[in-house]
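In the two complexes below, chain A is the common chain; its partner is chain B in one and chain C in the other.
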Partner chain A sequence: MSAITGETAWDELSLSPEEYRRASARYRQRRSVTGYLFLLPYFLPFLVFLVVPVFWSLWLSFNQGGILDRARFVGFRNWQEIGSDSQLTISIENTAKYVVAAIFLVFTLALFLALILNRYRRGSNVFKLALYVPLLAPAVLVGLIWQFVANYDFGLINLILTTIGVGRVNIFGNGTLALLTIVLAEVWRGLGFWTLYFLASLQNIPEELLDAARVDGARGIQRFRRVTIPLLRPMLLFAIVIAIIANFQVFDTVYVLTQGGPYESTSTMVWFIWERLFQFQQTGQGYAAAVILLGIILFLTALSFWLLGSRRRRRRSALA
Partner chain B sequence: MAVESARLGPASGDERHADYAQAARRRRTLDLGKGIAAYTVLTLFAVIAVGPFLYLLSPSLRHSYDLFTFPPQWLPKSLYLGNFGAVLHQTSYVRWGINTLVFATSVTLLTLAIDTLAGYAFARMHFPGRGILFGLVVATLMIPTAAIVAPLYIIVSHLPSWTHAGVNTYPGMILPMVCSPLGVFMMRQFMSTLPEGLVEAARLDGASELQIFRKVVLPLMKPAVVVLGIFTFMMQWVNFLWPLAITTTDSMKTLTVGIASLQGQFVTNWGLISAAAVMTMGPIIVVFLIFQRWFVQASMAGALKQ
Partner chain C sequence: MDKLGDDSQGALAGDGIAEPSAYSRREFLKKAAGAALALPAAGAVVGSAAALPRVKVGEAAQPYAGVTLQFAKAPFGTDEKEVIAKLLAPFEKRTGIKVVHTVIPWNTEGATYATNYAGPNPYDVSYQTSTDLTGLGTKGVLEVLNTSQWLDAPSFASTKAKFIPNVFEKSTYQGKLYGLPCIIGGTVVYYNKDLLKKAGVATVPTNTTELAAAAVKVMKSGGSGVWGYQTPMTDKDFNWYFQYHNIHNWGTDIISRDGKSVTFTSSGNMHALQTAVDLILKYKVQPPVGQYDREAGVSLFEAGRIAFLDDEPLRLPVFRSQKLPFAWDFVAPMAAPNGKRTIFSTTGHWVMASKSPNKGAAWELIKFLSSPAFASPFGAHYGWAPVRTDVDTSKGDPQVKRINHYVLTSWDGLPTGPKMAQLTDVYGQAIEAAATGSKTVKAALAKAQVDGTNILKS
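== the complex of A and B ==
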């Protein structure tokens, strides 16, 4: 094929600007339609079962009934009732206590174990596996297992106490001890996860930095405080927010261990919502409490993304 | 002290050698002590982690009334295997197990299908509103089921009849759980690592988007799909709140709801419960030990949700 015929053929094929514009618009339109078609199967259930329920939740908080009967609009009555409901205040307080205690304990222990596992690697796989096993159990079973740990008649703790000659303790009869049991059940379940999480973060710390500190004469604890902790801090902050979100929803263990008792001392937010909606038929108060929970979780989600973003910004400015 | 004097320079070389040897010996003893302490701590926590599971065997192997003797007993006096038979024959345990498998497997398969498609669209396709739609997904990332359980219940009980959904039905249990934003988020992260040129090359060769997705993208994403699959299955088989809300009949319960319902209002057969717990945890632990690497990866990938 000669160069000249090639050129003429190309001339005939090429489009006028007008034609070109139309073709590219058609191409882009088809591309967009394909994109939407790929999203459609996800967005249908997403809208019906997540986005709509969120707004419906808001609407329901001005209604009563609706689960077994028709919803009735009641204006701000639910919010007034819930404002003067001391059980909600107690439930939020209990949840806060639970979250703070569980996260403090599990993070301290997990960081401690991760430091040990990071330093002593021989045979560490066995210990990692063992720590991971409680994570396999559903929270409901964790709760039941803790019945067998804390029960008055045959619980492991009372068994040990009787064996060493101390009397038995009625753990579920005491509000503080009952809440503590729920905290410990969560710590027991989450310890393996957070240990592995921290271990992965520790192994990301460049060895040279610790070596440099060692050469400069920093001792073990100094190296931990001045090198390890500052490097872990962004990850730690993000992990804390995520753990708050997860733990704020504690319900399964409360359901099987205490049912909110004794005297509401282990009633948590989700337990409160559940009880009002499905046990007491005081739906209006349950709806309002659900909106409060929604608000708290959305705020914490925004906070976690802000933290992630600030970590990325800092890394970018460090590179520049 | 030894180090100090060594720096100042002791009188003779022999003396310096002795000091060094002594310091090294002291150092070794200290290290050994630390090592012993470290492994003691690790062993202690390993025992705490596994111990309650082992202790669970003890009540499962004796009559319920034997649990209430005083002083309490560590081990059963005689082995009693009746609890396991009772779990199988007097409760709907087998049915609950089947329900759990149907529920968790369906949610997992549906989630994988729609989340890979959506993740690919968000990562590699161009259309107006992509940023806003993805923002919507991210905003709902952590919405707890507890906060929307009432509207979910109302929606499910009013779905059109062709969906066959409703209270005490499989579709009613499954459908609301298939739209996890976390899966889309994870898939988009994974898909963003695909080399751009690969998809372009397939496009130039005339492959349709669906062909590209099935023949090029999915095979490369296999590990990510497996991780998301295990993660979703694990999240759903432990799910409690939603199956509890949407099931009222014994035959539709999942394992978590069913076992929790064995706890009676006034009298509880603890032998039965511990046997059911042992029967549930046993297989899981075996599966875990075989596929441990995948499990750990999946749970780390889901770090966002713990």
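== the complex of A and C ==
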């Protein structure tokens, strides 16, 4: 390789502004293409299996048929029909109750256990494993286990209730109790995951901050409220978003335990969609309900992110 | 009132096929999900011809050699795949058709068939009940069978004449028949003779009023944990199926004869549901809804804790094989107080996919499945009644003969229609609402009327 020396040689190698623009544009294009090629393995399945089905579902919600027979455009008829369907309203209510109860319970318990595991580390791996095991069980199996737990004659719950003198309770004959059983089954299943999630989050909190609070005379509960919780908040909000998305789609446990009963008291949104799509061949109504579910999840996700962002914005403006 | 009847444990006809184990739609999902999802192997080979195919086949000539048919069915028992393989062997040998049998769980059959028929290679032949038959048929995925090519072909005329006319009528929708009826059944009321004797019930009730009175007596004498009566009452356990004879007994239905309106709020429907609800909420002779599911109810009967159990005849061979520790028998489902006594079941059909590339072979299989060579031993094994006069499912067994007698003399089936699955679900919800006390019978059926009307409009 020959050395480049002198003004002339350098000038000869220099590009005119026009040439430079073209070259840099080519370079940027090459870089972009390479970037997009790297994205392709993710983006293509994302497009094919998520974006297209979403828009396809939206389109089919304005049609009748579409699975077994040809889709026929019916305008807003499916939307009007599910709008006047009391089961959909009940399903949305049940799902909302379930999501609030399940998230509140599992987060409270998981945070409590994470705090204990964070403090007492000896032998904690055994507990972590024990907590995580239910998550490895398929949801159908979890449903079957809880069918036995809630059994009238020999279920664990009724065994405890009779032992303490309350007497047996017909859990699957009572809408509230049946929904609560589904909540408990899902809490039991998700507890391990969320405990480990919160444990990892707790371990990321700088020890110095807690020490400083301790030196300042803050007691345990004060340190938890004033230091731990504020620092956990971003992780907590993210967890809420994930949990909302997952819990709004509850189906398998409902399918195995109650199939929406007694009298629609455990009918959830996905159960409603499944019934319309596959049991009754009312595909348009099923797709319309699926679009509503998507809308609810998107709205709640956006709300959570907005809340997270607004806190950051407030914090930044306070610092400024 | 009937007399208490013969001891059922004595008579047992051998059909050369092993006794099936306890089985139902619920239990299948719970206990045999793995088996249900597994793709089956092909049937065995050997045997002789019995159905009369249009194409006369000699032993050497196999007109469909090399043809494979995909066959699917929700099972009547855990042993059904083996039973069918054994019965199909002569057919496979004679025709050269290889039948690949897929077991479809009852509780997922709607979804399974919907996705299968939407695909390019649907099951060539499958089993569909009148609940789903027309829903699939009107979507165009099932072949219309009452055409000159199949059912109305001159060569099939003599066979067609052997079918009970009522089953064709119930299974035809707007002039189209999407499946060849093969099975009708019903429910029967099994009863524990020992519990009745102990309660001083000398004769078996024949109607719902007498049933309630007898069940109350049993509750008084039976002691803790004994119930007078049990029948599935949740939508999850297909409660509507076990209540439908009540509707017919009260001279009504959930849909008008022309299929254009629902009739949930008819006086007959009110009475029928009130009668069922009273057994739980008024007389308290039946466990509350949700306390025991269908299988648990059957287990309680087997344990001697239920006096009257309303369930399907397919329990018969199971109860016999278990040698229950008490005397038992069965009678036809209870009549209405006015005396009308019918027996209900949906109709089973063999259907052919309209997209099947082997329709000729599929029709041969359907004809064989409907013939005495298959239908007699198959029906006998599971306690189903025949739909053809030349098919005998009793094989001399007095109990099965009795069931067949009930069915053939008083069967009143489900009118088929594209929305029947949804309408029966609406009725199931109404039963649940009323039986749990969440709504009065009137309010529950009024809601069903509104929901049903919307369904028919959609």
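In this section, the second predicted complex is superposed on the first by the 242 of 320 C-alpha atoms of A that agree within 3 Å, B and C clash if a C-alpha of one lies under 4 Å from a C-alpha of the other, contacts with A are read in each partner's own complex, and residues count from 1 in each chain.
The rule is simple: a residue touches a chain if its C-beta (ideal position, glycine included) is under 8 Å from a C-beta of that chain, and two chains touch if they have at least 3 such contacts.
Please read these numbers as outputs of a predicted model, since none were measured by experiment.
> By the touch definition at the top of the document, which applies to A:274: first (chain B), second (chain C), both, or neither?
In the superposition, A:274 contacts both chain B and chain C.
> Check whether A:67 is in contact with chain B, with chain C, with both or with neither, and answer first, second, both or neither.
Both chain B and chain C are touched by A:67.
> Going by the contact rule set out at the top, does A:224 touch chain B (first), chain C (second), both, or neither?
Neither: A:224 stays clear of chain B and chain C.
> More residues of chain A are touched by which chain, chain B or chain C?
The larger set of chain A residues in touch belongs to B.
> Answer with first, second, both or neither: which of chain B and chain C does A:79 touch in the superposed model?
neither
> Kindly classify A:144 by the partners it touches after superposition: chain B alone (first), chain C alone (second), both, or neither?
both
> Regarding the shared-chain residue A:261, is it in contact with chain B (first), chain C (second), both, or neither?
Second partner only, chain C.
> Scan A:178 for contacts with chain B and chain C and give back first, second, both or neither.
second
> I'd like to check the shared interface: which positions of chain A are touched by both chain B and chain C across the two complexes?
67, 140, 144, 153, 274, 277-278
> Can you list the chain A residues touching chain C in their complex?
Per the stated touch rule, the residues are 65, 67-69, 77, 81, 84-87, 140, 144, 152-153, 170-175, 178, 258-264, 274-275, 277-282, 285.
> Show which residues of chain A lie in contact with chain B when the two form their complex.
Spelled out, the residues of chain A in touch with chain B are 28, 31-36, 38-39, 41-43, 45-46, 48-54, 56-57, 60, 66-67, 109, 112-113, 116-117, 119-120, 123-124, 126-127, 129-141, 144-149, 151, 153-154, 156, 158-159, 162-163, 188, 190-193, 196-197, 200, 239, 242-243, 245-246, 248-249, 251-252, 255-256, 269-270, 273-274, 277-278, 283, 286-287, 290-291, 293-294, 297-298, 300-301, 304-305.
> Going by the contact rule at the top, pick out the chain C residues touching chain A in the complex.
30, 33, 110-111, 114-115, 117-118, 135-136, 139-141, 234-236, 288-293, 296, 418-419, 421-422, 425, 429, 432-433, 436, 438-439, 447, 451, 454, 457-458
> Write out the stretch or stretches of chain B touching chain A in their complex.
Touching chain A from chain B are residues 35, 38-39, 41-43, 45-46, 48-53, 55-56, 59, 67-68, 71-72, 74, 113-115, 117-118, 120-122, 125-128, 130, 133, 136-144, 146-155, 175-176, 178-179, 181, 184, 209, 213, 237-241, 244-245, 255-257, 259-260, 263, 270, 273-274, 277, 280-281, 284-285, 288-289, 292, 295-296, 299-300, 303-306.
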